[in-house]
Structure formats: C-alpha cells, structure tokens
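Labels run A, B, C, D, E and F following the written order; every chain starts at residue 1.
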Amino acid sequence: MADVRTALIISAHAADFVWRCGGAIALHAEMGCEVTVACLSFGERGESARLWKDGKSLQEVKDIRRGEAEAAATVLGAHRLECFDLGDYPLHLEKEDKFRLVDLIRAVQPSFMMSHSQYDPYNTDHMYMTQIALEARMIAQAWGHNPGENVLGAPQLYLFEPHQTEQMGWKPDVFLDITPVWDKKRKAMECMNGQVHLWEYYTRVAQQRANHFKRNSGGMSGGRDCKFAEGFQSVFPRTVDML
Amino acid sequence: MADVRTALIISAHAADFVWRCGGAIALHAEMGCEVTVACLSFGERGESARLWKDGKSLQEVKDIRRGEAEAAATVLGAHRLECFDLGDYPLHLEKEDKFRLVDLIRAVQPSFMMSHSQYDPYNTDHMYMTQIALEARMIAQAWGHNPGENVLGAPQLYLFEPHQTEQMGWKPDVFLDITPVWDKKRKAMECMNGQVHLWEYYTRVAQQRANHFKRNSGGMSGGRDCKFAEGFQSVFPRTVDML
Amino acid sequence: MADVRTALIISAHAADFVWRCGGAIALHAEMGCEVTVACLSFGERGESARLWKDGKSLQEVKDIRRGEAEAAATVLGAHRLECFDLGDYPLHLEKEDKFRLVDLIRAVQPSFMMSHSQYDPYNTDHMYMTQIALEARMIAQAWGHNPGENVLGAPQLYLFEPHQTEQMGWKPDVFLDITPVWDKKRKAMECMNGQVHLWEYYTRVAQQRANHFKRNSGGMSGGRDCKFAEGFQSVFPRTVDML
Amino acid sequence: MADVRTALIISAHAADFVWRCGGAIALHAEMGCEVTVACLSFGERGESARLWKDGKSLQEVKDIRRGEAEAAATVLGAHRLECFDLGDYPLHLEKEDKFRLVDLIRAVQPSFMMSHSQYDPYNTDHMYMTQIALEARMIAQAWGHNPGENVLGAPQLYLFEPHQTEQMGWKPDVFLDITPVWDKKRKAMECMNGQVHLWEYYTRVAQQRANHFKRNSGGMSGGRDCKFAEGFQSVFPRTVDML
Amino acid sequence: MADVRTALIISAHAADFVWRCGGAIALHAEMGCEVTVACLSFGERGESARLWKDGKSLQEVKDIRRGEAEAAATVLGAHRLECFDLGDYPLHLEKEDKFRLVDLIRAVQPSFMMSHSQYDPYNTDHMYMTQIALEARMIAQAWGHNPGENVLGAPQLYLFEPHQTEQMGWKPDVFLDITPVWDKKRKAMECMNGQVHLWEYYTRVAQQRANHFKRNSGGMSGGRDCKFAEGFQSVFPRTVDML
Amino acid sequence: MADVRTALIISAHAADFVWRCGGAIALHAEMGCEVTVACLSFGERGESARLWKDGKSLQEVKDIRRGEAEAAATVLGAHRLECFDLGDYPLHLEKEDKFRLVDLIRAVQPSFMMSHSQYDPYNTDHMYMTQIALEARMIAQAWGHNPGENVLGAPQLYLFEPHQTEQMGWKPDVFLDITPVWDKKRKAMECMNGQVHLWEYYTRVAQQRANHFKRNSGGMSGGRDCKFAEGFQSVFPRTVDML
C-alpha cells in the first residue's frame, strides 16, 4: 500500500457520490486521503428530469450534469473525478469498459472502495453497478490480467446509502461522523441544481444517522455527540489486532 | 468509560470461552484490558460426557469443570471468572439470575461483550444465552434499574464462533490475529481434559481463520501473514471517525 | 393516469399468464380494466414437450402455441396480446428488445404490472424475465428516454405464482378472489392443449388459495367464503389513506 | 365485525404509540374508527432517563409517564387508553396477563392491530411484545377460550416503525399519508417531556416517509404530494376483490 | 441404534400428525418402523371450533379429540400414541413436562423425529413446539441428564408441512411418495370429524406434492409417477456414503 | 437413466474440482460411477499467481494448468476431463458456449451435477458459473432444444464448498465420508503446484467436515467414525421412498 491513503468511489450516476458519501469524501480528503470518484454515467436520462422538462438536448443535459459533478467534486476536495460517460437507464459495461474500470482501480490502489447497495428494485443500474464493482475488484487482483502491473490487495467495499434503505435490504454496519465537513457536503449537494428536492432530504438523512451514531457510541450514557453522519455497509470482514 | 478497557465474555457452559474466544481474551489481557468471563453453567450435564462415563457424581463433575475453567482462565490472563452455576441442558435464568448478570455487566462496564451465535439448533442453551445477553445489556442501560448505579453505555456484542458455523447462520465480520498469544490459547484448551478431541479441532479452526485473515487483509498482494486467528460477528454497527 | 385502468402482464412463455394470473386478467377485464399481455416467447422449446414428441417443427410449435395463447387471451377478455417472439430456453433480450418492452409499458401506462418470481432455479427464464421487467420499468420512468413521451409513474409489480412456490422463496402478500370469473380461467387453461396435466393442478392451486383467502379474511369467525383465488407478491410498498 | 371500525395498538412502553403510529391513530379517529391503545408498561425504568436524573421515585416516574400517555392519547383522539402497568426492562407477561390482553382484543374486535418489529437487539421488550401480540391474537381466535365469547376474526397485524429500522430487518410495505393530522401528532409528541430529543427526530422520520409515499405513488410522474407519512410492515397477506 | 427402526412425531395438537405426516407414519409402519406419536395437547381450545359451537364441555371436547386421535393413530398403524394433555392456545411446557418429553425421546430412540415449522405467525403453539423439540432433543443427548440412561444419538428433525407454507418460510427438501398408503391417510383424516373442511384440502396438498415429487425425480423425462406425496424440511445435514 | 451412474462437475477454474469435490469424484469413480469434469477455464489469469510471478506467458500458464488438471483428474479416476478454455477473470459464456455445455450435459446424462456456491463476492466467476449451470440444466431439459436428442431428467445440483463458507451464505446439507479415497484426494491436490499453500488448508477442511460427519451421524452416542469428509449444499429437493 502506498504511503498516501487512497479511496475509490464507484458511482452509477453523476450525483450519487454527493448524496451518499459526500461526507466521507470530504472527511478523508481533509485527512490527506486521495479520493477518486468514478461516475460511470451522468445520470443524464434517468436522473435529470428537470433538465428534460426544460427542453435541454442530450448533450446539454450531459454537459450540465458533468459541470455539477465537477463542481461538487471540487467542493468535497476529491482528488480526481473520472467520468466514464457510458450512458444510463440502463447502464451497461462491455468487457473493455470493465477493463477501463480495472485500470482505474489499479492506478488508484484504493485503501477502500465504495459503491451501491446489492439490491435495488427501483433502480437496476445501482445493483448492476455493485455487481460490476465486485467483478472489477476481482479482475484487478488477478496476477494474469495485464501481467507486470501492480495487482490489487483486498480493499473493503463499502455500500453507501440507497434512497429507500429498507426496500433494498441495506443494513449499515458503520457510521461515520461527518460533522466537521458538513458544510462542504451541503455545499456539494447544492451544486446539484436539478435535484433541489433532495437537498433537504439528505440533510435529514445525515441528521438521523447522527442520532444513530450517538446511540451506537454510547447512547444516553456517554454517547458522543454528533450532528451529521453517514452510514455504510461492509461487504467483506475486517482484520484487526484489537477489538 | 473507565481508564482501563474492560471486556465481558458471557459463556453458556464452562468451556465455551476457551474454544471460541480464548485468543481474544489472552490478547486483550496482554494489552492491559481487564477481561471478565461469566460462565452461566459448568456444562456439567451436556458437555462432560467423558466424566459421566467415568462414573463421576454431579458434584464431582461440576468441581472438575470449575477447576478446568479456572485453570484456563488463569492461563489466558482473565481478570475474573464468575461462575453462576445455574445448570445446563437446559440453561434457564429466572428474573433474579438475569439481574445478577446485569449487576456484573454494570460492575464491569465492558468496552465490548461477547456471547454465542443467535441460532443453534444443536444447542438451544447457546441461542438462549445470547438472547439473555441482549436482554441483560438492555436492562443494564436502564436509568430506572437500580437508580443511582452507573448505567451501561452501548458496548458491541460480538458473537463468537459456534461449532458448525454454516448451520448456525453465523457470519464473521471481523478476524482477530491471535498469533502472539497462541501458546496461551493452546495451553488453555489443554486444561479441558474432558474434551481432548476438540484440541486439534480448534487448533485447525484457528489456522483456517488465519488464512481468512490473510486473504481479507490483502490476499496475494500484501496480505499480512498470520498463523492463528479468531472470527467474530458483530450485532451492532460501529461508530468511527475514519473508514 | 388515464380514466380507464390498465394492466400489463409480462410473461416469459406463452402459457404463463394463463396458469398464474388468468383469474386476475378476467376479473379486471370484467371491471373495465384494459389488460395487456406480453408474451416474450411462445415457450416453444421448453414448454411444449407434447408437440415435439408429436414431431412438430419449430414453426408449427410456435404457431400452435400462439394460437393457444390467443384463444386463452380472448377467453379471459384481455385487451391485447403482444407476442415478442424472442425465443426461450434461454430467453434473452438485446437492448432493442428491452426498448420494445419499454415502448409497450409506456403505451399501456399500466396501473399495475405482473411478472414472475425473483428466484427460480428450475427455470432461469422466469427470474431473468422479472429482472428485465424491473429494468424496463425503470427505463420507462426516465424523462430522458425518448424525451417527449409520457413517462411511467410507479405502478406496483406483482409477482404471480411460480410452480413450486416454496423452492422459489415466493411469499404471497395479497389474495384475489377470482370466484366470479373461475369459468373463464378454467376455459382459458383448457386452451393449452399441450399441458393437459396442468389443468387439474392449477384448479387445485386456485382452491387452496381460496382456503387461504378465507382464513386471512376472517377465518372461522367471519371469513368470507371464496371458491377460487390467486395469490401475488408485491415488490413495492403501497401508499394509502386508510389502513 | 361491528358497524364501527376499531383498531388496537399494542405498545410495550408508554410512548411507543406516539412516535410510531400517532398519525395512524389520529387519522383513523378522525374517520370514526375507535382506536384503543394498550400500553403494557410505562417505560418507567428504561425510557425515562431524564426523570431518573431529576431524582424522581418509581411511583413519580410512572405517574408522570401515565399522565403524558393520557395527554397524548387525548390529543390523538384515541378511543381508550389501557395501561397494563406490567413493568419494563424487562417486560414480562404471565399467563393471566396474556389473558387480560386477550380479553381486551376480544372486547375491541379490532379491524387491525399494531405492534413492534419482530427483531430488535437494542430492545428485547419490543420483540417480546410482538411475540405476545401474535400469541394473544391466536388465543383470541380460539373457540374454546372462554367459550361463548365473541371470537376474533383475522385482523392484520401491522408492525410500526422501530428506531433504527435497518438494524431490525423492518421493511415497510405500506405508507400512510398523515398530513391531515400532522399537527395532532406533533402536539402528542410534545406531551412526551422526557424525550424532547425525539420530537425533531420523529418529525424528520415523517418527512422522509412522505418522500417515500410520493415516490411509491407515482414519483416524478403523478406522484401524489404528501408532507408527512408513516410506514408499516404487514405480517399477514391481504384479501382483495381488485388489485 | 436398535434393530427395529423407530420414529417420533411431536405434534402440538391432536390432529396435526394426521394432516401433516399421516402418510409418512403409515408408510414407515408398513415397513416395520415403530412410529410413536406424541400429542402435547388435544387442540381442544383452538382447533375444535365445531365442538364448541355444538355446546360441548371442555372435558367432552378433549375426550372426543382423544378418541379421534386414537382412531387415526390406529388406522395409520402407529406403534404408540402418547397424549401429554398439556393444554393449548397457548401450549406451555414446564421443566418437568420437557423432561417427560425427553424421557419419551430416550425410550423411543428415534431414527428420525418430526415436528412443526420454525415460524408460524398464525399459530404460536406450532413454532413453540419445534423450539421445545430441539431443546428436548439436546437434553436427551446429555450424558449427565439421568446418568445411566441410554443417551440419544443425532436423529434428523423433519419439519412437516404447515397450513400456509409460504407464510411460514417453510421449504421442503424431501418429498416422500405416500401413494401406497394413501387410503390409510385418507381414512385417518376422516377420523377428524371436527375438521371436515380439511379432508379435501389435504387431499389436494398430497396431489400437489405428488406433482412436485414427479418433477424432482425426473420431470418430463423419466420422472417417476406418483399420486400422493408429503414434503418435509430437514433441520440437520445428512451423512452419506454416496451422493 | 443409463445402467451406469454418471456425474458432471462444472468447475469455473481448473483446480476447483480438486479442492472442493475431489473426494466425491474419487469415491464415486471407485463405485463405478463415470464422473465427467468440465473446467470452463484454466484459472490462468486469476488463480495462477505463482506462475505469473515466475514470468510465464499466457500460453505457458494455460499449458501448465491444463497439465495439472489432467494429472489430478487421472489420480481421482475421473472418466473424462473437458476443458472449455473460455478464459477467466472474468469468465463469460456466449450462447454457443452455453450450448456446448448443454451438449455435454446431455451426453453425460448425469445422475447428479455439481458447481459453485450461489453467492461469492470475492470471486464473481464462481457465482456466474452456478447461474450458467442452472441455465444449461434448464436448456438440456427442453424437448425443443435440438429435438430428437435425449433430454435431461432432473438431476440434483450440489454446490460444493467455497473458500470462506460463511461469507458466501453456503450451508451444507449433506456430508460425504471420503476417508476411503483420501489418499487420492491428497495426491490430486499435490498436482496443483501453483497453490501449495492450499494443500494443508483443504486437508484441514476435510478433517473438520469429518468431525461434522461424526456429529451428524450420531455424535457422542453412536456417531460413525470418519477421518475425512466433504460437504455439499443441495439446490433441489430429494424424492424418496423412505425417510
């Protein structure tokens, strides 16, 4: 592992990384971690209703969405934003697209990765994205894939919060205190002009997760205060020297 | 929380704490953590077949099992061994027994707790024990239970490894490297004279878990070496400042 | 939503809509609901054993199956039968096939949709069909897919009854009384000449579901009588003004 | 079933019915439904931390909690509040306590019942309560239990929202629009002076559920507006004449 | 294990063994297996609605139910019917009742055991019964329980078919052809005069299971014919010398 | 079914069949069963780290892996080894590849089939393989696929043991005693020179499974001794004439 910690966020659509793990990005960036965000599509067809209602063309929608994503990534302090521009609804990756993602994973050598929940009947792009994230992680670990390159270790894959958690069977096992970087997350959300209705929604999500943080860190007796938090579900077990 | 870290192991039968988390006990003891072991029964009826075949009386069986448990606890460096002597097969707690366990939890103020898997069709004492551990944890948190006492915070409850993991739906989410204290665990296991056939079995378990530790800490590329490990399943989510 | 209620049944093979939701089709048709049935294949390879034993050619098998499906759809009062003729065992949809299904969904603007169970190790066409139904539903909701068209709202997706329910993890959460239209369902089943052995089987299914209807509507105390019923599993939550 | 619809809420602790289904109570009361609330305990030991910190005695805590529950029930328009006063942390019912609950169920003859989630590792009283609710429902249906009394039909048992939904495996399958009665729910919550920190928390829950209501009733295309909602999970299947 | 194969059916209410495994009893009896049936209650309160409607007293109901159970057991060729008469709705076992069941298990030394599904929200007696069956099985295996007695080996516990299988999460993994003894099962069912409506219901169940037997034994290509079958779910893994 | 029993192992990578079911192959071969092993890839990219570190070319790696697989198959007494050479990491089958697998299934007419666990986040090739195995099994059963050929019956699909069982949700329901052929399995494992670290690992797996065999065949009271065993999970229910 490199001296600098790194992370890789794999987001099906342009805005997912903001709502679902913007706090984690900003927090780790502040700690010197280089966070790369991969947007496989701009969410141009499926998550840009307002722009289409306004009569924008496909190219305009994509440009605007790209601009918003870049602005948000900058606010969050992301090290790099990589837009794959593969189209959405449905998102689909051919073999070479998968290999491009593998290349990115190997280039980043992430300490941890993030993607969507494993089930999402509302949005099949989301669950497809996670399936691909696992496949690409596996290929990146293969000594025989582009032999000579640095193979990947075994980074955790965190699943960030989907929109209706209970319908997705998503169960967070770690809560991250993002209070110190809340302003950045809020500012990043406000870059997403096409989804204004979600600003308050995900502010409330962060407040509810803060309540859960407090409860699980000690509750009424010594629970640490926390104003804003994010939750994540781990796919793989951790390895530790102390419980 | 006190300056000294503390832990509480809640074991249905006398030997469970040795096979299932002896390494965790020894490791944390070496780090200065005060580990208390609660044995709710001696496993005298159900887990002492050899002694019964030898014609021992109930009192003799219990005495021998207590002696073995004490010896093992000493080897592991446990801070305290508390034998509730409530009987096994079936284990049953009346309200006052539960309150005695609550008292112990409050006295220990554990940084983390441990008990059995939540399902075990082979051994209903085990799943009953975990149910009680959750109930006692809840009572210990209640400000109105023996008002004035120090209430409990929100310690993790780790579920240690059952005998046939797959039949119990037990899924470890954390592997602990116990290589530095392996000799102690082996010695503690060898205190259990009535279950000699399990010494090799749980030595192999520790070796297999070490393989899993290595895989999940980096695998073929940077996975940390590990000779012996133990696995645990967390009931509650963690709260962290960094992923 | 249009003034007339509409429904869309998405059936992997030609006969599925008869056995699994023929009653729902007939009942809703009688209530003035326009029910469209989409058969993605004729089940020509995998569900026409008798015809192949009789030495029919592929085209003959397909023609016969189409004829049976049309006859059944007519008996049930279906508004429209759309045969995609994509082949079966395995059923596979290319992007343009999916878009054809999306077009149909948008044309119908269904109040509710129906498809297969989400798991079926006996018949992978079935679970694939439901996966595609979810994907097509998502695309149909996208404002940027064929901008200007009427986008889809959020219709329920009901999963109709598979053959061996317990093996599929299928759990019905709604039972529909089809007694008033039973004769039509029976007649429609009798259109399926290649699967005579299923006529009695699915008659018994309807009788058993009627027993479940009665039990869940009040049981021994006020349960409404019911002779024939069908069961369905909902994918999405309902939204109501009264419980 | 009587001419007047009735409902029965079975709440482990005094305040649960307010946070978790106060909207449903007020809404149905306004529609003429007689809603009975059963509080099996006052939550005096486990959910009254502030009062204990203030040095109140057990009797004082119970009196205050009863007063709050009565005030909330009145605000919500509940038909009847029945306090069983059985103690909490742990809640436990002897046979005669169960029969008292059965008597209440039979007296109410509820069109639907409500209780807690089926799993709650944080609060074993909650899952115990639901287990008892199912047992009491079964006994109330028995013709041989107090023969001659009116036996119970087969009312739905809705599971209302627990505190950390994802940790409980709770999955709502119905969302109820409580916008028309929101002021009453908020006022009822404000009766709970010992849990001020939850007022905002459950206001945000209602806002999030309203977002889910809107999405599931049509989303971006025709989804009905909704400001506040509550979610519920059904234990039993529904029986209907139309989908 | 004795020379003669033996089996033990643990039935919460008097009639359960008839509907759910009457075929298995008759078939094994014909093969020389000694099948003992334990009825923990007569189902007198909860499953005898017709008798209560007819104005029978509790003692009359129990007598009639016992008579029916005895008649059915005789028809099926059961070796022994043991009525515990512990009461139903709810069924409850004190420690001594459990030990009585343990005594029976040890006396029978069953090659296999049978009981109810592990989940049943309609009938908590059923799931309680299975929980007790597992507990009693465990105690019967304990060398220290009544030392000197023959301890139990590790017989399979089969879960027989509940009434609404899908609501119980019951998944059969073995189908037994009961065609040769169908007449006996039908005759045994007809001994249950208070539940006439179930005769046809469980006849249809047997026919549907026969269809599943045929499908899983080879289907359209070599599936063995079968007219009546029963399904069972195994709790424990099998041990074999050949797959 | 033919006079000679046959079996078909479907292995994603060249060595899987050795670690996961080498004992089953050898045991059945000794009993006269013709066991065919299909290796869909050589595991050349993803499971040959040592060879790549040694600087081998792709063709060399494949040749070496093929050689090892052939040697192992010979040691185990496999009837036939069919290498599909489709590539790994990721493994992918086009329609014609699937049909080639279908052809093999029909040629073998297996009494039982084997493949990987249904979930494996570490290795998506594994779960993909099982998905394909189910699809190919279905196609092989279709009378209209290559009409005139012998269609497949309904052979069991056993899922053999994955590497970290608990992470895969794999639950064995049958243990096979492989003690009589252990030497062959060990010798076959030793053919896999690139994965020396797994020899001891899978020896310990076999020893642990033997312990489980003993426990489930009677435990402390009559459990049959067993030195080495393998575990399998069944996808489909069994059909029997005796329990």
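The working rule: a residue touches a chain if its C-beta (ideal position, glycine included) is under 8 Å from a C-beta of that chain, and two chains touch if they have at least 3 such contacts.
The model shown is predicted, which means the values in this text are computed figures rather than measured ones.
Across the assembly, the mean Cα position most removed from that of subunit C is the one of B.
The chain with its Cα centre farthest from the Cα centre of subunit F is D.
Chain centres here are Cα means. That of subunit C falls 37 Å from that of subunit D. Subunit C has residues 49, 122, 141, 143, 167, 172, 212, 215, 220, 231, 236-237 in contact with two or more other chains.
Going by the touch rule set out above, the chain pairs that meet are A-B, A-C, A-D, A-F, B-D, B-E, B-F, C-D, C-E, C-F, D-E, E-F.
Interface residues of subunit C facing subunit F in the complex, by the touch rule stated above, are 44-46, 48-49, 52-53, 58, 61, 88-90, 92, 121-125, 167. Residues 95, 98, 131, 134-135, 138-139, 141-145, 147, 157, 235-237 of subunit F are the ones that touch subunit C when the two sit in their complex.
Listed in rising order, the residues of subunit B touching subunit A in the complex are 1, 7, 24, 27-28, 31, 112, 141, 143, 150-154, 156, 158, 172-177, 212-213, 215-224, 226, 231-232, 234, 236-243.
Contact residues of subunit F toward subunit B in the complex are 49, 122, 163-167, 169-172, 200-201, 204-205, 207-208, 211-212, 215, 220, 231.
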